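Note that chain A is present in both complexes that follow, paired respectively with chain B and with chain C.
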Partner chain A sequence: MPEVVIVGAGITGLTCAAELRGHAGVTVVERVPVTGGVHGWEATETREQTAASGARLLLGATAVRWDGERLLAMDQDGAHLLPASVLVIATGTRPLGRAELGIAGPRPAGIVAATVAVHLAENGLLVGRRPLVMGGGDWAHRAANELLEAGAERVTMACPDGVLAGYAEQGEDLDHLRKIHGARPVRVGGQPRVQYVELSNGDVQACDALVLAHGVVPLRNVDGAVWDGPRTVYAQPAADPATVAGARTAGSEAARAVRSLLESA
Partner chain B sequence: MRDVVVIGGGVVGCAVAWRLSTTGASVTLVEAAHDLCEGASKGNTGITTSGADCRPGTLEAELVRRSSPGWEALCARLDTPFHRIGTLAVAVTEDEEARLPALLEEARATGAPAEIVSGDAARELEPLVTPQARAALHFPEDGIIDSIRLTLGYAELAARNGVEVLRSSPVTAIERAGDRITALRAGPRRIQARAVVNAAGLGAGRISELAGGDPFTMWPRQGQYWLLDRELGVRFRKVVGGVPTETTRGIYCVPTTNRSLLLGPTAVDHSDPTDRAVDAETLEEVFEAARRLVPAVRREYAIKTFAANRPASEPVYRVGPDGRIANLVHAAAIRSTGVSSSPAVAELVRSALEQLGLPVGEERPGSLTALEPLPRLLGHPRPEQLVARDPRYGQVICACEQVTAAEIAAAHRMAVPPTSLDGVRKRTRATGGRCQGALCLSGVSFLHSIEAGRRPEQVAVSEPAATLGVPTDA
Partner chain C sequence: MKVTSPIGELPFTVRGVTFEDGHVVVRGELGAWRSRIEVGGEDIPMLARALRGPLIAAGAAAAALVLLRRL
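And now, the complex of A and B:
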């Protein structure tokens, strides 16, 4: 049987693995030591899908390089050279970065990706007491909630594309959470930390951090597979919010694409 | 009492410290910022020019010409990435093509090897060059270098040889007896000095004024840049630039030694040396200028934009003894070619100090002449050997740049270790890749906090007050 390597043990990667059973020997490489990705290792779907995948799991290993025939993955046991006929990139997504958003101004401290702000807040480190969160989707609301929970006094959200359905009511009545619809940060100011953000509607918003939580782009960093890698299938649903159903669909589509690549080989 | 105090921890000051460190002199290097390499030396194209940038017959041209042949050997000793890949100055219009012969003559007069090639030949040398190219000027001896690693490499070797390196130490006063400097105040310290080297970059005019030395006027020339993903950068074989005009050298597409692609710089004179803001209009111009030369340059490859200030001055290249103060030597007003001329500038400063009677004439036996290279995972041919050597090589912290826990730990054991997350990035590349830390910044700050013995809320992004977090209990 041919070998397939899947990078990312979220629901997408695990679904893809399950649907390749009987067609290929599958190894799933996952950066953290648990499966589940954004849906969490404790979710019922994660446990079911992990069992159903039937794949070899290489947990706590980082995929580093793909040369079209072998994937190099690193963990503390060493360097793993995994032969594969097809590589699947199911590494999830991230919000847009500052350069991608075209935000002008200097580079003070306090401009962080929502992924970082949430991770730090969960570990008790607050990136700002009065942060401005850019975005109106799932990441933005999670960041706002985590920041408030970690001790932020007030969070302002600048939501360029409005507020995601399901979150519309949340926080509108709270003094410490305010949402500005249809405005995007265009320029930051302050030194050494952020002091204000200019918005596209002309407002200047005082704040001590800018948390970037707008947009959804694929997170790709495996050398040789960042754009169009040879014999590579990309399974990174860009839906906001990320749903289990969306992940399953993306995983199934990826499995079909892998099978057709294997057949044509 | 120190034999020499070098003011300025950019590429020039660090090169001088490195050059003096193998002699018999006692040397202190003082830097105003929180880290070395915080000015023009970290924000530049990373091109080592072979002389095409310079006017024939100038000191600049001479120092660049003397430095150029030695890069391979020097960079091997300083654990600094360098590749002599050459530059193509691409002519797209008839007018640009017509200017090439004069530029060729000028380049040859400075001693820079150069040739005019046809559009087809240019595309053979670099297939990414636009089909519109009519001809190009090829400088085969130009190179690309990691200017941050060069600067820090100079400083590291200097520090290992006993040079005292003081950061966060701005010079606030210079004491004199007659026409000689006796001591200076740098941060909290008062340092007595037999001689002082002024390598203060954009601050060099002010240092000379404090010392009572020759006046020279300096101002910041701002450049804005794009950094594009290495998936595009690795496809480049040459540095690609436009045809220089009387007023500007224009925008370059530079495949960096980190394999990313740099676009820039612009050149706008202004007055505030702390202004490093980017603006959308200027960045758009940079992008369009780059696309005119290389159509494959696309916006979705962008990972970072930034601005930096390089020293502009009147006159340029003030290297040598001051006219009024007997024991002050300038290594200043070095406009955009500081990296390219730094080895020769350092030697010229050494010889000026020797003429002043300082003990810098002979090499000290037993001094270190090369750094042991630190193995890095990125591009390493035998990664399994790295993990066998240290299991932390298996722990990839920054996935984009493939920086491991072993490399971050090693950076903290350097003679001049990082004091901030920017410092970690400058030494290891961690957080400098296409996700700009979205995945790894918290992991890198955790490791830095442990390795530097700093509480998490005190972890700084750059200067000490630029903290990553804020206090939660204030």
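And now, the complex of A and C:
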């Protein structure tokens, strides 16, 4: 039976693994020591999908390099070389970075991705007391709410494409949260920390951090699997917000692509 | 048991407790990662301070329960 390695044990990777049962031997590699990805290890869907996958799980291991035939993964026991006919990249997505967004200006401290800002806020660390969050989607709203909960005095959201449907104003801290629709940061200023951000509508917003939460791009940080390859399948749904249904669909589509590759080999 | 870490909240499963070189060693798994916690004599004052409040509360509750049963 051919071998398939899936990087990423979120719902997408686990669904793909489950649908490859009987077609290939499957190993799922995951950077953190639990399954579930952004949906969390305690979620019912995660437990069910982990059980259904029937895959070998290499948890707490970082996928480092793919040479077209083997994946190098590292964990606390050292290096693992995993032979595979096909590699599936199911490593999720990230917001666009500063360079990708074309935000000009110096390089002060205090510019962070929303995923990092949320992580830090959940652990009681504020990236800024008056941050500006760029984005109007799921990441942006989560970041704004987590920052306020962690003690931010005021959060301003600059929403280039408006606000994602479903995020009504109700339930938000309107005294401390302001949304600017249709404007995007074009330049950042301040040294050594962010002090202000210039917006595309001409406004200058005073702030002490810029949180990037706009756009959805796939995370591809496995050396050798950044670009499309003949034996690499990408399973990275770019829908906002990320849903279990969307992840399952992406996992199923990836499994079909893998089976097609295995049959043609 | 759960542990909050920079990569989020993780499950901690205790696999065994031993006494080694004057330390209480708790072996377990943080998710899939093998982990160990060592508690030595130098940790006792800190643990005593941290546990003083809960122990006093537990003692008071136990005393109240005993008194209620005797009444």
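In this text, the second predicted complex is superposed on the first by the 260 of 265 C-alpha atoms of A that agree within 3 Å, B and C clash if a C-alpha of one lies under 4 Å from a C-alpha of the other, contacts with A are read in each partner's own complex, and residues count from 1 in each chain.
One rule holds for everything that comes next: contacts are C-beta pairs under 8 Å (C-beta built on N, C-alpha and C of every residue); 3 or more make two chains touch, one makes a residue touch a chain.
In this text the structure is predicted, and so the values were computed from the model without any measurement.
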First (chain B), second (chain C), both or neither touched by A:119: both
Touching partner for A:43 - first (chain B), second (chain C), both, neither: neither
Partner chain(s) touched by A:101 [first = chain B, second = chain C, both, neither]: neither
Touched partner set for A:239, first chain B, second chain C, both or neither: neither
Touching partner for A:52 - first (chain B), second (chain C), both, neither: neither
Of chain B and chain C, the chain that contacts the larger number of chain A residues: B
Touched partner set for A:76, first chain B, second chain C, both or neither: both
First (chain B), second (chain C), both or neither touched by A:221: first
First, second, both or neither for A:257, with chain B first and chain C second: neither
Intersection of chain A interface sets (partners chain B, chain C): 76, 119, 123
Of all residues in chain A, those that touch chain C in their complex: 32-34, 40-41, 57, 59-60, 76, 119, 122-123
Sites on chain C touched by chain A in the complex: 4, 6-8, 10-11, 29-34
Footprint of chain B on chain A - complex, ascending: 31, 62-64, 72, 74-79, 94-95, 97-100, 102, 104-110, 112-113, 115-116, 119-120, 123-129, 150-151, 186, 191-193, 208-209, 219-221, 223, 226-227
Contacting residues of chain B [partner chain A, same complex]: 226-227, 229-231, 274-280, 283, 302-307, 377, 383-384, 386-388, 391-396, 399-400, 402, 404, 433-439, 441-442, 445, 456-457, 460-463, 465-470, 472
